[in-house]
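Okay, so chain A shows up in both of these, paired with chain B first and chain C after.
So, the complex of A and B:
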């Protein structure tokens, strides 16, 4: 399991000598990772499954690892036309993304606070570089810098929280912390630690009021990297957050629950209202990604008494939709010389029907329109909150998703507005294929979602 | 007996060089006396039986961090004496902040004496030895140790990527 993971890491780095082979090898490695997850599914007694009490590859970890690897395969295929096949830039960026995915896997499988912190760092440090990877672009530099400073602050806050919990319980082990916590007689040290870790995570997953860095970083970073951050990284951070709160603090203290509820409400309201006023589509998608973080936080809030598979489903379907839309945005705006306002999308349906179709479907899915899987994700979030009697939050969710539908539809309407002398936009065959596959996936997952009831996570 | 003399000697050096660091007008002298302070504190760690901590303290603080400091001083060219005048307000404020910190530290020292966290009778004096730490690091914490290397590798690749020249 981990062997295959590290295998890709090392291969991706070593392959600097054979640059043309980087993409196939990366994809092969990710498929191997996916395969090994499926093989290990349900077997808790696989050799090395516990790694000395540091990592635990249970179904939860395997499920999320599968989500990461599926998204990563799509991401690598989708971005393969962005760099010339032989540039050394490409290998470096691939290696950094693979490292980041390695951190994501750790973050979904840790069973010790030490690994939690290492996972967060392995996830973020390559990202700081990736965000700044367009070195000639001042915005990209700014994004990397901002992300680095706020990200390291968040890590420090989280580390402080971990230290306080260690001080309160004398252990890093999630299960042992859970038993101490379950006795109900814990000190304020533990609670403070818990809230500090929550704060650290809130930075990483960019929920309000810790979201201020996100729009700037998402806009400044190269679009392909933004797609990576909004999908895989966000999924990983939520996987880590959910695992911590579900294992160690299954019945969150009232304070923590209320903090989360306020965060969800703030995130949904702020991000959706700000998104309406955006002219840049990239920034709009960034705000939309923020609002989805609000929904995902809803799953974390209910993590004590709800299975994790719904969060997994949400991250996967949102990831697919978001990746498609970012990738199309990249393509369209690069043809328009960097213009990514709504104007740039006008007449897309004539200029490239496949792209317009894929973009429409993924935006509709993010807006939560049936029969697309984005609807089911939101539906699960709402039913879970209803089961916990958070009616006010549910109302906010429904109202704000109406606002969201407005700005998604406005973008779609622009694509169907006819314009004069529209030249066709060409896409590579691989990309066109990817768009079709992803669009179909959004439909298929909607109808296959009932299979979720069969699996146990 | 000997260790007591060493303790007093190191403490004297530490306090003296720390004062020197603050009072010296030249930033380079300040940095140099800070290094002396670090060495003296590392000596204290040795006396307490924490070899590993002492070694790390010298490598990290006296080595890496001080080199950074010196570079910054060199780059900013702070050599000349151009200390700006500070207003009375700033002085009062910094005096207050420093005083509060000292109060907290004194309180902490007093409280730890009351708590008696360490019982000399049952305390394992070998706890800080490198051998002990090594065993824990390579047995219990082997996985995090290995993964930390992935972290450093990625940081290294990133640093190289950001600083290398564009060949294209």
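So, the complex of A and C:
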């Protein structure tokens, strides 16, 4: 397990010598990772531990690692045409993203607060570089800098929280913290620590009011990197957050729940309403990504009883849809000389039907229209919240998703608006294949999930 | 044996599907034969089913498939075979077969021939579902299905807007009735938890628990459904207009079968009505008023089919009188004899219209006797039968209704005698004006006159024979005893299916009533004869109508105009208000307002996103402090 993880890292670093092989080797490594996860799945009655028990690979960790590797495979394949095959930049970027994925794996499997913090940092530090990777673009540099600056602040807050909890319990181990917490006899120190960690995570997953960095960074960073951040990174942050709250604070006090509820409501309202007035489609997708964080936080809020499989399903299906739409956006705007307003999408259905089709399906999935898997994700979120009697929150979810449908559909309408003298947009065979596969996946997962009522985790 | 019953509706359905999907390349002869033979097969099976019932087989429920299962609400698609449904099967398929055969001749030159035959088959299918259904729900499927077929067939010649209007009117008026039926069904379900006839009536315990007021409401709601289907005041206006359809349709749907669905439904629910005085009285009075209204309007109409249509309205009213007075089997008796002679009359009128090249106004006819001998003779038999002359079919069934009325309510009795008098008069007026005197049409029409083909006259002859002997299934006691025949056979046959009244009439009274009825009918006929045959009086042209009573009747009491003023115009005005003000100003304003508000808010939120790093940090810290303060 760990071996394959290390293997990828070493490979990615080493491959500077043979640049043409970077992509196949990366994919092979990820497939090996995925394969080893599947092999290990359910085999261990007792989850097997690594690094002296600081990482714990139970089904939860394996499941999320699978989500990351699947999304990463798609991401690498889809963005493969963005770089010259021999540029040194490409290998740098690949290595950095693989490091980041290592952080993601750590975040899904940690059993100690130390590893939690390490995971967050391993995840984030490559991202600061990636966000600024378009060196000639001032916006990209700005994004990297902003992200780094605010990210450090969040890391500091989180570290402070971890320190407070250590002070209160004298341990980093999640289980031990949980037993202390479960007695109900915890100090204010501990609660404060818990909330500081929550704040740190809130920043990482970009929920209001700690979301302000996200639209700027998402827009400034190169679109491929934005896709990476909005999907894999977000999934990883939520995986870490859920693990912490489900393991250590399963019955978190009312005040924590209330804070999360307020965060969800704020996120949904702010992101969806602001998205309506956006002219840049990239920024619009950034806000859309924010609003999905609102839904996913719902699962964390209910982590006391909501099974992790729902969050897993949501991150996977949202990741697929979001990645597809970012990738298509990248294609279209680069053809249009960087224009990513709705105008740029006009007539796409004639110019490249596959793209238009994939984009439509992805947007509809994010809007939550059946029979696409995005609908099921939202459905699970709403049923979970309903089971906890958070009716007001559910109403906000439904109202704001109506607003969301408006801006998604407006983009779709643009694609189907005919324009004069539209040249065709060419795509590589690999990309076209990916679009078709991903679009189908959105359909297949819907039916598969409905049929299986989701696998047990 | 009962399992066979599934086949009965299956044949016409197969016929319909085959003709609609594969009928394109085939000749009219093949299509006609196919459509008719499916009904013939159904008829044969119906005879088998009927025979077992006649020999005392127990009522049986035949399950076809699971239909609706939603929680505790479960409906099987099942058929109920009992005396009531089996006798309905018999005359639906029997009369239906004859009308199919007739249609092959009547519609032969029509370009929509195969579509017509397909619709007829579909209609028979739904009609069979209606009477076979073992619950109100299954019955309702047939109920709506025949409504749709009726709609399609009234507007069969859809190129003429008038026909479409008539079709729409029939459909809309029926919907009002259907709403009543649905309300009745819902109430019934709410109070008993079932809609199966078995549970409700045959085992009988389930309806006894319904409180009296609710039972009345259920009874009246169901009756409103019957009003729509069976054209009773105030929902009768669609039936005369429905004559816009081809004549076989008028005969099959709007005289013999579909319009008697309301009577079937009330008879089927007889246990519900038997102990419900209020609902029953409503039925009696709605019935007798409709009957009077129809009979009086028919006196002055000049369209051959309109006379028959109002006559149907009037006869249906009489059937409801019988139902309301608790004589359920008597009503069914009249349904059957009426099916024979009214189908005969309609088909006869169709033959006349066919011969006249589409002319329907009796003021343009006359003297057809010598040109169309078979049509003339059979039409005369039908006329005598409906007028109620001994021993034709109409005499016995009508006499039974009059006798029941005599027992129950003297006012209704008098009114029903008036209806009988009117019936005899307008029918013979129609007969004399059509078949006697001099021909009044154009020269071309006279040249064109011919007897109809065999495919049309043979059904006429068979129906005429049935109109003569059909009454023997319900001979009154006095006559039956005298002739040594089985009297009140139908009542005995139906006694397991519907509630039987307790009649205790002496044979003397029975005889006296028969004499009175005969005298009334004969004197009406004589009066009609003296006016239209002996003195040769002709019907007035529209502009010559002088007396206000005549105008009132000729214009059908202006009921359509009244509906127009009190319902259609106000509704139009309300629609106008909603269409021109509520929708564009108020609703759109609200809807668009929501959108603009969202956008405006978005603009404000957007300003927060200024891009300034210090502002972001400020918000971050403020947020953190706010959370910590809330602890």
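To be clear about the criterion, the second predicted complex is superposed on the first by the 445 of 457 C-alpha atoms of A that agree within 3 Å, B and C clash if a C-alpha of one lies under 4 Å from a C-alpha of the other, contacts with A are read in each partner's own complex, and residues count from 1 in each chain.
We take it that contacts are C-beta pairs under 8 Å (C-beta built on N, C-alpha and C of every residue); 3 or more make two chains touch, one makes a residue touch a chain.
Keep in mind it's a predicted model, so treat the numbers as computed, not measured.
By the touch criterion stated above, A:213 is placed in contact with chain C alone, chain B being left untouched. Touch criterion met: A:150 reaches chain C, while chain B stays clear of it. By the touch criterion stated above, A:126 is placed in contact with chain B alone, chain C being left untouched.
In the superposition on chain A, contact is made by A:114 with chain B only, not with chain C. By the touch criterion stated above, A:31 is placed in contact with neither chain B nor chain C. Contacts of A:102 after superposition: chain B is touched, whereas chain C is not reached. In the superposition on chain A, A:405 contacts neither chain B nor chain C. Legend: residue contacts after superposition of the two complexes on their common chain; A:277 is shown touching chain C, with no touch to chain B.
Contacts from chain A toward chain B in the complex involve residues 6, 9, 13, 51-52, 54-55, 87-89, 92-93, 95-96, 99-100, 102-103, 106, 112, 114-115, 118, 121-122, 125-126, 128-129, 132-133, 135. The part of chain A that touches chain C in the complex is made up of residues 146, 149-150, 153-154, 157, 188, 191-192, 195-196, 199, 203, 209-210, 212-213, 215-216, 255, 258-259, 270, 273-278, 403, 406.
Across the complex, chain C meets chain A through its residues 595, 598-599, 601-603, 605-606, 608-609, 611, 613, 615-617, 619-620, 622-624, 626-628, 630-631. Residue ranges of chain B in contact with chain A, taken from their complex: 139-144, 147-148, 150-151, 153-155, 157-162, 166-168.
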